[in-house]
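Here it is, the structure in full.
Letters A, B, C and D mark the chains in the order given here, with residues in each chain numbered from 1 onward.
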Amino acid sequence: MVVEPLGPMFRRVLVANRGEVAIRIMRACRELGIRTVAVYSEADAHAPHIAHADAAVCIGPPPSRESYLDAQRILAAARQTGADAIHPGYGFLAESPDFAAAVRDASLTFVGPPAEAIAAMGDKPAARRRVAAAGVPVAPAAEDPPRDPAGLGAAARKIGYPVLIKAAAGGGGKGMRVVRSEAELGREFAAAAREALAAFGDDRLFLERYLERPRHVEVQILADTHGNAIHLGERECSIQRRHQKIVEETPSPAVDETLRERMTRAALAAAHSVGYENAGTVEFLLTPDKQFYFLEMNTRLQVEHPITELVTGVDIVQAQLRIAAGEPLWLRQEDIRPRGHAIECRIYAEDPANQFLPSADKILFLQEPQGPGIRVDSGIAPGFNVPLYYDPLLAKLSVWGENREQARRRLIEALREYVVLGCTTNIPFLIDLLEHPAFARGQTHTQFIEEHMPAWKPANRHRLVAGLAAALDVATAPAQPPAEASRRAAPSPWRTLGRWRLGE
Amino acid sequence: MVVEPLGPMFRRVLVANRGEVAIRIMRACRELGIRTVAVYSEADAHAPHIAHADAAVCIGPPPSRESYLDAQRILAAARQTGADAIHPGYGFLAESPDFAAAVRDASLTFVGPPAEAIAAMGDKPAARRRVAAAGVPVAPAAEDPPRDPAGLGAAARKIGYPVLIKAAAGGGGKGMRVVRSEAELGREFAAAAREALAAFGDDRLFLERYLERPRHVEVQILADTHGNAIHLGERECSIQRRHQKIVEETPSPAVDETLRERMTRAALAAAHSVGYENAGTVEFLLTPDKQFYFLEMNTRLQVEHPITELVTGVDIVQAQLRIAAGEPLWLRQEDIRPRGHAIECRIYAEDPANQFLPSADKILFLQEPQGPGIRVDSGIAPGFNVPLYYDPLLAKLSVWGENREQARRRLIEALREYVVLGCTTNIPFLIDLLEHPAFARGQTHTQFIEEHMPAWKPANRHRLVAGLAAALDVATAPAQPPAEASRRAAPSPWRTLGRWRLGE
Amino acid sequence: MRIVLRHEKSPFTVELQKLDRSYRAVVGDIEHEVETRPLGPATTLLVVDGWAFRVHVVRSGSQRLVAVGGEVYAFVPDSGAAEGRPTTAAVATPEIKAPMPGKVLQVLVRQGDRVDPGDGLLILEAMKMENRLVAEAAGTVAEVRVREGDTVDGGQVLLVLRYD
Amino acid sequence: MRIVLRHEKSPFTVELQKLDRSYRAVVGDIEHEVETRPLGPATTLLVVDGWAFRVHVVRSGSQRLVAVGGEVYAFVPDSGAAEGRPTTAAVATPEIKAPMPGKVLQVLVRQGDRVDPGDGLLILEAMKMENRLVAEAAGTVAEVRVREGDTVDGGQVLLVLRYD
């Protein structure tokens, strides 16, 4: 029996995050014999993640800008507790090149890629040109095309129809138009330019190939600090709502060995083009005719990393720590032999029957599923008041199965066992989504929810049983303690306010 | 994407068991779309397993003989609920050939091997001769050897020293002696014969090779009803106390590819010799010099099956159901590619600091570990009063790791996260066991606990922190509700009574 | 005892009667046998017509939050129809409709039979339960429109009664 | 406030003083800063000298069952030495011993220094905590037997005081 040497390792890691990912990183540290430091905002003074660390430091008031996004406070907490490395998790400061550089300048280790690689991938147009130069497919596009009909027509033909017209200065759909033939091109272009001018004071436009019903497929990369890199296969994350991933799986039902070979090679080339180190994810859009185009690279741990861990057996967070500590990659590409199928779904504090408005309430009762093939990464606990200030991700439920169908059925049964009372979640929506025949057949794409589940309402299959339970509760214990009696009646601020969510 | 056909499957399965294994079987049924029926004794009227089924039938008073061991009541429950198959779990009626036959005679399917195979392996001396005839190594032995010095000496020499002398009629250590050389043989044999006569009224003796510090290594078998059989590798279960397994792992640190090849071939031959079908386990003792000897075959689902599931990816309970439904084996031997390392430990309601006396109390607070690589199969819930009547197994904690050391560390951390208050458990003992250097080095054998952890007492490493917590609780809320005030002060019946445990 | 609750906008009315070891619960015009057994904090085993459900109930203000089978319901006691107080009696309709899609397991009456309030009319299997439809008032069976084994839609007329 | 508990056969005595946001707790002759924060039912974050522990406490009769780090303790309030009531004052011993094995982080006094009750003498790192040893009575430092960085055994004499 050989005990694997662990190499030079950190003594104490500060986890600059909250919720499930902070706990997941702390578990990885403990298993490697590393002590951990939690940071928390005043809104998280009773949050579960602080109880998983060996020390906890309050870094400011509830708004992220004054706490989890405040690099100086986080660095001060690291100095105060003697941490020698910082793991940023995902979201917050994870993709800030300034933060990564500040950590390095403070003589601490940033558990992630070099600041330069984060910066290179953070400038999206520059990253696009850079990976294209490295031979990675990018969707055909034209920046500020000629305005004369002949020049414009030629540019559009070169891109190929349908073409999407976007405002160069824009965002939020303003000035965006899909053009399916040259006959419409001139008129739509002129209308888009007028709309862009009105909205942004800038009428420059951008043409790119419009992809219909693409799949979102991404490749997980691991690169060490010695020039070695491998991939851990792909994940499909097509099930999204407003660019928010909801269900992820691996392998993708649409990717065969040949396509996998091409996509993973492209992903490694993209990572190499920016001198990437540590764990990262290269995202692509995949069309029904198996063309794929670079979308962006996420230069950090990905929310959906557990499904890759389930099929490959590689602990990605432990790998991040070992790579950051300077250990040469201990795995070769041929050691990675994915097995079976894994699916993750994200448990959000939101009301799927009511425009997915965030719900931020107290967890009155919690029972998480368990058993064969089931993994829960949870950031909540009974009694926890889910704060309004942060991403509404409560937990991730991931399952492994011998094949996709076993995994899908297991996930549905696990969701039926999942009980969260007090805070509304998307669990009933997820069950219906996973039971949808198109999902069962693997026919997934980024418009799946709009197409198959518009205006979802709960089926209320168990209304009779639930009503009987409520009636018996009223009948057997009608006396009502006044505590919290009026709390839930208060209007939700979410009808008028937006809320920041993790950008992925 | 191909959805695997599931073959002809049961409509409704009655699970003739309780606790974690009943819940585990019900999960497997649900994932296959099969409805389930729970049975329970009056002591289990509030037990968690009944809430995992679609219907539940009370089958009698608390004593097992009048409930879980009463075949007629179980068959009546199956008829009453329209079940078409019965899964016996482990323990109780799982290895009763009469029960298996009665299930078959009632035109129901027994999810397990044929009654004849159970009977053949249940008669231990006959099974020993039978597997020996099939070429499976058995420990050298002599039944009722000659009593004259020359004949006895020859018999002992043929077996090889050290020799164990046992009363043929015996049990419980009476008349058992270890003889290490021929000089002691005559005297010890005569003394053992006198002791046996006094104890059992029968002075016939039995000689067999005494194995020093053997490992317990067993092989998991899957055989279908069409003559196909495969193995799922070995498990090592050397960590035992009074023949009760406590920690199991796979692969065995002592088994290399050559030995695995020999042991698994022997296991398949043993199974074949009795026409075995369904899942089963062939147990061996393995000596430090890599000799192995047949111990017995367990003709049922094994408690420790989860670790095999974790490294092979095969769901053994789903496989049992599919095999029982007549499906030909869908896996070939070459499809079984174990990966990584898995360790299970059993969470018992017992006091390891007090002679491992069973504790049967109410679960006042429960928090089970979760996260990457962690699987909990639990049979308890908050508020559950652990009954006195049955095996004290509360739950099984199993972990998977990329290698043995990662699995071991993960298991220790998971045990540190495991909280059971109200009912004393062996969790602190398990942590110390897993942290023992001899365990870390894989130097395990069946006398491990007697040798390395005699008279274990808790180290009380956190006495200061726990005391501060208790003091603050007293200081901030000294008022004490009188409820349950005297319950724990009552003397435990276990100081005088024994308790039945699962025989493995 | 009559319990009137609201779930979202619609009422849920149960007539509860405590029997020896269980409850007789009439919802709509269907009678159920309900057994309830506490399993732990906020956790109850509910056995409805022989089928077991693990149900979790917590209170939040006057609300009862109920989780079952992956779904969550918020029921509020109806203040306009408090417990024990009779509400305006619903007019018994002569057409007995299937309250949900299902399969007719057994027809308990024939055309011309006399029925009294609470008499069983038909057993419908739906949602893995056997639902016993009962007469709400005394009368005669005017018409039986289904046969045993028929699959029926929710809302489909099964029988027609003529009330006295 | 003095809290006297028993764990198994041995007493556990804490002198608790509520400060602004935390407690000052003296156990044996070591002073700790303790912060407590409820996290949920039966779940508390206890921060002892800057180190965080997730602790679970439930009551069972007069017992406090406490789980921390995989261990479980049953503490019972000592009826002979109830809360708030002063017990027989322990005689202050001149030899200051290490209450557990650890490492000397800092020696706060030198030979000949005057000390008053509660004055810090030495900081010992043990069990991932910094433990501040304090004087129990007024006196003079007679002898310092350890240096910063020394590893010491439990029970080893660290300093000797001469009480007034």
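Just so it is clear, a residue touches a chain if its C-beta (ideal position, glycine included) is under 8 Å from a C-beta of that chain, and two chains touch if they have at least 3 such contacts.
For clarity, every value in this text was computed on a predicted model and none was experimentally measured.
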item	value
Touching both chain B and chain D (chains)	A
Between the pairs A-C and B-C, the one where more C-beta pairs touch	A-C
Cα-centroid distance, chain A relative to chain D, in whole angstrom	46
Whole-Å separation of chain centres (CA-atom averages), chain A against chain B	42
Chain D, residues touching no fewer than two other chains	41, 43
Residues within chain A bordering two or more other chains	none
Contact footprint of chain C on chain A as seen in their complex	364-365, 367, 415-422, 424-425, 427-428, 431, 458, 460-475, 478, 480-481, 484-489
Residues of chain D defined as touching chain A within the complex	37-41, 43, 45, 47, 50-52, 54, 128
Chain B-facing residues of chain D, complex	1, 3, 5, 7, 12, 14, 16, 23, 25, 27, 32, 34, 36, 41-44, 46, 48, 53, 55-73, 75, 77, 83, 127, 129
Chain A - residues contacting chain B, complex	1, 3-4, 23-24, 27-28, 30-33, 253, 306, 309, 313-315, 317-318, 337, 339-340, 368, 370-378, 400, 402-406, 409-410, 413, 440-442
In the complex with chain D, residue positions of chain A that touch it	35, 38, 45-46, 48, 50-56, 81, 381-384
